[in-house]
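Look at the two complexes coming up: subunit A is in both, with subunit B in one and subunit C in the other.
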Partner chain A sequence: MSPIPPTIALRPLAPPHLRIAVRGFSVLSRPPPAYPHHVPLTTPERILLGAGSAIVSLINPRRADMIATCGETTATPYFIYRLRDAMLSDPVGRRILKDRPRITSKSLNLEKMRAMRDGTVGREYVRWLDREGVSPDTRTQVRYIDDPECAYVMQRYRECHDFYHALTGLPVVREGEVALKAFEFCNTLIPMTGLSMFAAVTLKKDEKKRIWDTYFPWAIRNGLQSKEVINIYWEEELETDVVALRERLGIEMPPDMRQTRAAARKAKKKTEKTAPPA
Partner chain B sequence: MAARPLARAARAAPLRPFLPQSAVLPRFYSAPSKPSDPLSNSQQSAPSESDTTHFGFRTVKTSEKADKVHDVFSSVAASYDIMNDVMSAGIHRLWKDHFVRSLDPGRKPGGSPQQILDVAGGTGDIAFRMLDNAANLHHDLETSVICADINGDMLREGEKRAHAQGYLPSDRISFKVQDAETLDAIPDNSMDLYTISFGIRNVTRIDKALESAYRVLKPGGVFACLEFSKVSPAPLDALYQMYSFSIIPMMGQLVAGDRDSYQYLVESIKKFPSQDEFAQMVRNAGFLTAGRGYEELTFGVSSIWKGIKPLKK
Partner chain C sequence: MPPNHLLRLTALRRLNSTSLRLSQRSYATTPFPEQDIYDVVIVGGGPAGLSLASALRSSSVTNKLKVALIEGQDLGPQKPYKPKPGTFSNRVSSLTPGSVRFLENIGAWKHIQEERVQDYHGMKVWDGVSNAKIIFSSDLLPTAPTIAYMCENLNLVSSLLSRLDELGSTEILDKARVEGIEYGQDDGELDLTSWPVVTVSSGRKLAARLLVGADGANSPVRTFAGIETRGWDYGRHGVVATLRIEDVEQRKQAYQRFLPTGPVALLPLPGDFATMVWSTTPQYAAKLKSLSPTDFAAMANAAFRLSHVDLKYILENMTSGLAEEVSWRESATPRDPALTPTHIVDVQAGSVASFPLKMRHADSYISERIALIGDAAHSVHPLAGQGLNQGIGDVQSLVRTLEHAVQHGQDVGSLLSLEPYYSEQYLKNHMLMGVVDKLHMLYGTTSPPVVAVRSLGLSAVNALDGLKSFIMGRAAGR
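Presenting the complex of A and B:
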């Protein structure tokens, strides 16, 4: 029944999320896929792909497929199982795992959300989408996680990422993405989000300072103290008041990054005008 | 500080025995119908031999294969050359150089300029090499190449490169969208040289492609095919297979962002007939071959098959 080849029980088995499956196959005889587009990988392949995708993501963060692959290959062992168990230990999380809703541009009715009251989750989400100029486009399909349920958990995390943006108000610029990844790491413990924090080295000097002084401390504090964001049933929360939702979860808003950046740009232009470089 | 998520996981464990184990069918991750499943659609229609063919390791309807191959090459067109270099560590350049040098296209002393047809030559690799060979070794700027491919995207890449490298505008090279099985725009007995390089394994009906090659060549014309083949000895083949099925799709993903196209490519290499089988297919189409009919390169990773259309029937 389980798609993972049975482990050889040489000693009492550890709980599932700590177990490392012994891979009994070679690349020439892969087991059948457990779900559409599933590719079972051997451990050396997983290590190579994880390292390769992490390096490519750092060099070219626009390769969303590489970031996705990095997330999937580094999620096992332990981390994705922990996240799945966190969903199972929460009543709403259990319902999400039972229903397995998907967020796509087709499943969300954006026009209806635009017509909602100001201050609701749906309205604020669409406002954020319009402000940033993005759409809930279909995210890359999960392929490299062997357990179908954990594959769904990863897919759900990926599709909810834009909602987390709207929840925290962080923009899609590199600085905002790094800050949000820090928040997600402290909340979901997905290794790729932690690795993404290293992308902070690619930021400009003043961005780095802001990240280090303000946004990382905010992210760590809020990521740890708030409830698990993976357990929010977004499809049901579209009409709730966003401030009430933040209070319920225990998330405080960070300083508005777009405003801070615009102010910093203006101040920089002013100093350049008054003291032009020789 | 990091203890909190772990503490939650510890609390999660006691609930697991009470939760339904796979009690609900996963709606969006149901296992696909496997080819061996007797209830799957691919078995129910009891297809005849001509209805289905292979697309890599998958079985598809014959009428669909050309479209699927077209899609593969549309998606790899832009990064085709980078991927070739990455997959073969640049050795494909040596193979193509040797291929063209051994054919030695161009006007021979006392002869006339040649008409060359390069099939599945989308990006123009072989075509440019042939024009260079004619120009540099035979001072022949009249030999012309028709570069034909079923995929317009690949041809567009070729045209871009031809313009960039100075082969266009001129009448030495032209690009045509053609199906290798029919070659309907090429008249009978019109070509001196027909080449197909790393393309014939993607053709749905290889025997039809060989018949078309026979039709368009002049009597005495040369058919030459460069293609991946079977590696010997067996231990080297085992290493080669593991490289093909593990490293190549991974590199396709890292470099080109497309694992599936490269998975198809390595599967189609495995499905291609062996050196001797293909040499026999070349003879069956009417060509005369010399010796075994093929020349192996790099331990059989690729091979060159050559045949001549006989002068008299």
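Presenting the complex of A and C:
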């Protein structure tokens, strides 16, 4: 029997980042990173990291790095691929995947956006950034997703999160984040956003009531019925009218959370004044 | 040729019973000419019909039978198969070693142009959604180093015609369309009332002791016999094309990828050629046929490399720039290097064609003085490359049956003689068609639980070398 000739060697090998998805490995033979910051994980590592980061995120939601890790480790299998396929099925989504734009304070011209007309996406986004006191640079790099294209999809989702805040008007307080995560789960199906809905148990009693009565129903209804928000090319929509964009996507505005919270605080102070503490 | 004594025996036997009633009987005006009475009339000059004729004439038992073959197309240009050099016909079939052994036994294989036949030794089949794979290699079965042979249909037909020429004594009526089939008449001397009589376009009538329908899926012989077929259309078209590839392997492999819309297969031909069969929806088939050669070659590569989501988007939404889009997506889609076939460079002009896919099985392969072989009896999905091999299996079985009948002095056209052919072939064919149909159904969905289960099953079978060599042995026709 003649030896099998090296037919595979004759064919040009796929570059490393395209081969990683099909090979299993052990901790002793970790493959090289497929993109900057990439850390390939084995399945037990992923499970442990996912569970641990989920617990820490629940205890301390200010740990953005833990929330990011939880999102990345629970996104495979299936969920991040589904989101990537949703982008591939849409013409704008495909352009985003081809161009791979990044949202940072350097890539967005904030001064120019401040000068835009009121009611445009750009102006409302900067207004929201100023109101909440955040900047676009606070997003961690994706590390634990093996496929480079899916890693970009996760990064894009993370960087667009602030735009979703501006789109829905929800503030950065815990209540607002939980409501927005519920909306994102129904729209993008990323598991971490679904897990974040459990953070509702850590809310105060009246916040919990508002979430349960108003914001969760709003989030579920709108998340399911609106178009995929991952397919919005934000860099091109900066001069669009926000109301027109919401209509195009099929999103209705929830009640203004900051106003509702302020009114509730005022009412509470009033009742405390009239009924002196015992 | 001297009249066959067996021929007259059956017809004349009735003379005793009719002679008493001579005065009451009405005769046919002219007696049926003896030179137009045949033992076997084969309708259809495709591979099945020609194989049957060659086999009957090569067998020492049946070569005394008077055989005629009727074919509607002109067989003259097909006899010396002289294709343009550097081109391959897009109608290519995969012949199992069992089929090739049969063709060698009947003396037809020596006439084939071997340099246009490609044997392959490996087969890689994988799931286009989950990338679960099964790899058949001829190393698993040292007794059968070749999995199958890719042979152009025209090459095969030409070799069979050459063999028939060599053997002689077969009446081949080409350019003769079947105008009608009816039962004969009793002319007082010969009672042909149970004999089918075929009228051809030239006006000539042939009476057949046994009429064999090898006339394809819409068989007029089957219609005449009143045999129904059962089955369904797949709602899919098979797009075929002859392609030029980049890297030529020393040990040629066949590749098949199951996409949700249907499987796409790349089968090797001699040199740097390959043939592709892509079963897909009629809309995608029409789109593929309308593409420029560059875009078509890009889509042929895409079929084996891109995700089904990508293919769906490109085929439904893009009309130009497909090659660039495919090139971009190839750089971003992970793939298993062991499974990816070599890059497809070009498509042969005029070789892109499509045909509808269906499954049909005739209720019976036989009737009084009628037998059906090949596509007239059954149509199968091409995903397993078994259609032509099933037809050759039919021919082998029918020849054995007729040999037995002749050796035992039976009337070759009677149901009693033909029954063994039907019982030997029917269940075998039915099971194969059933398995192929269920494979098509199983791989036609993207539903995650089904994908998970079928991928697990495929990977499990891939790990069992014993099972794989068993499957290969059965498929090779041992």
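Just so it is clear, the second predicted complex is superposed on the first by the 254 of 278 C-alpha atoms of A that agree within 3 Å, B and C clash if a C-alpha of one lies under 4 Å from a C-alpha of the other, contacts with A are read in each partner's own complex, and residues count from 1 in each chain.
Just so it is clear, a residue touches a chain if its C-beta (ideal position, glycine included) is under 8 Å from a C-beta of that chain, and two chains touch if they have at least 3 such contacts.
As the structure is a prediction and not an experimental result, all values here were calculated from the model.
Q: Based on the superposed arrangement, let me know which partner A:88 touches: subunit B (first), subunit C (second), both, or neither?
A: Touch status of A:88: both partners.
Q: Just checking: does A:49 make contact with subunit B only, subunit C only, both, or neither of them? Give me first, second, both or neither.
A: first
Q: Taking the superposition on A as described, I'd like to know which of subunit B and subunit C A:100 touches: first, second, both or neither.
A: first
Q: A:262 contacts which: subunit B (first), subunit C (second), both, neither?
A: Touch partners of A:262: none, neither subunit B nor subunit C.
Q: For A:59, select first, second, both or neither according to whether it touches subunit B, subunit C, the two together, or no partner.
A: Neither subunit B nor subunit C is touched by A:59.
Q: Once chain A of both complexes is superposed, is A:69 in touch with subunit B (first), subunit C (second), both, or neither?
A: First partner only, subunit B.
Q: Examine A:149 and indicate which partner it touches, taking first as subunit B and second as subunit C; both and neither are also allowed.
A: In the superposition, A:149 contacts both subunit B and subunit C.
Q: Would you mind checking which one, subunit B or subunit C, touches more residues on subunit A?
A: B
Q: Is A:134 touching the first partner subunit B, the second partner subunit C, both, or neither of them?
A: neither
Q: Do subunit B and subunit C touch any of the same residues on subunit A, and if so, which?
A: Residues common to the subunit A contacts of subunit C and of subunit B are 1, 17, 85, 88-89, 94, 98, 148-149, listed in rising order.
Q: List the residues on subunit A that touch subunit C in their complex, please.
A: Going through subunit A, the ones touching subunit C are 1, 4-5, 7-8, 10-11, 13-14, 17-22, 78, 85, 88-89, 91, 94, 97-98, 147-149.
Q: Which of the residues in subunit A end up touching subunit B in this complex?
A: Result: residues 1, 15, 17, 26-28, 32-36, 39, 42, 45, 48-49, 52-53, 56, 63, 65-66, 69, 82, 85-86, 88-89, 94, 98-100, 102, 143, 148-149, 151-152, 189, 220, 224, 228 of subunit A touch subunit B.
Q: If you look only at subunit B, which of its residues touch subunit A in the complex?
A: Within the complex, subunit B touches subunit A at residues 1-2, 4-6, 8-9, 11-13, 15-16, 19, 22, 24, 26-32, 34, 241-242, 245-246, 250, 253-254, 257, 259.
Q: Using the touch definition up top, name the residues of subunit C that touch subunit A in the complex.
A: 131, 139, 142, 247, 249-251, 253, 307, 309-310, 312-313, 317, 328, 331-338, 340, 342, 448
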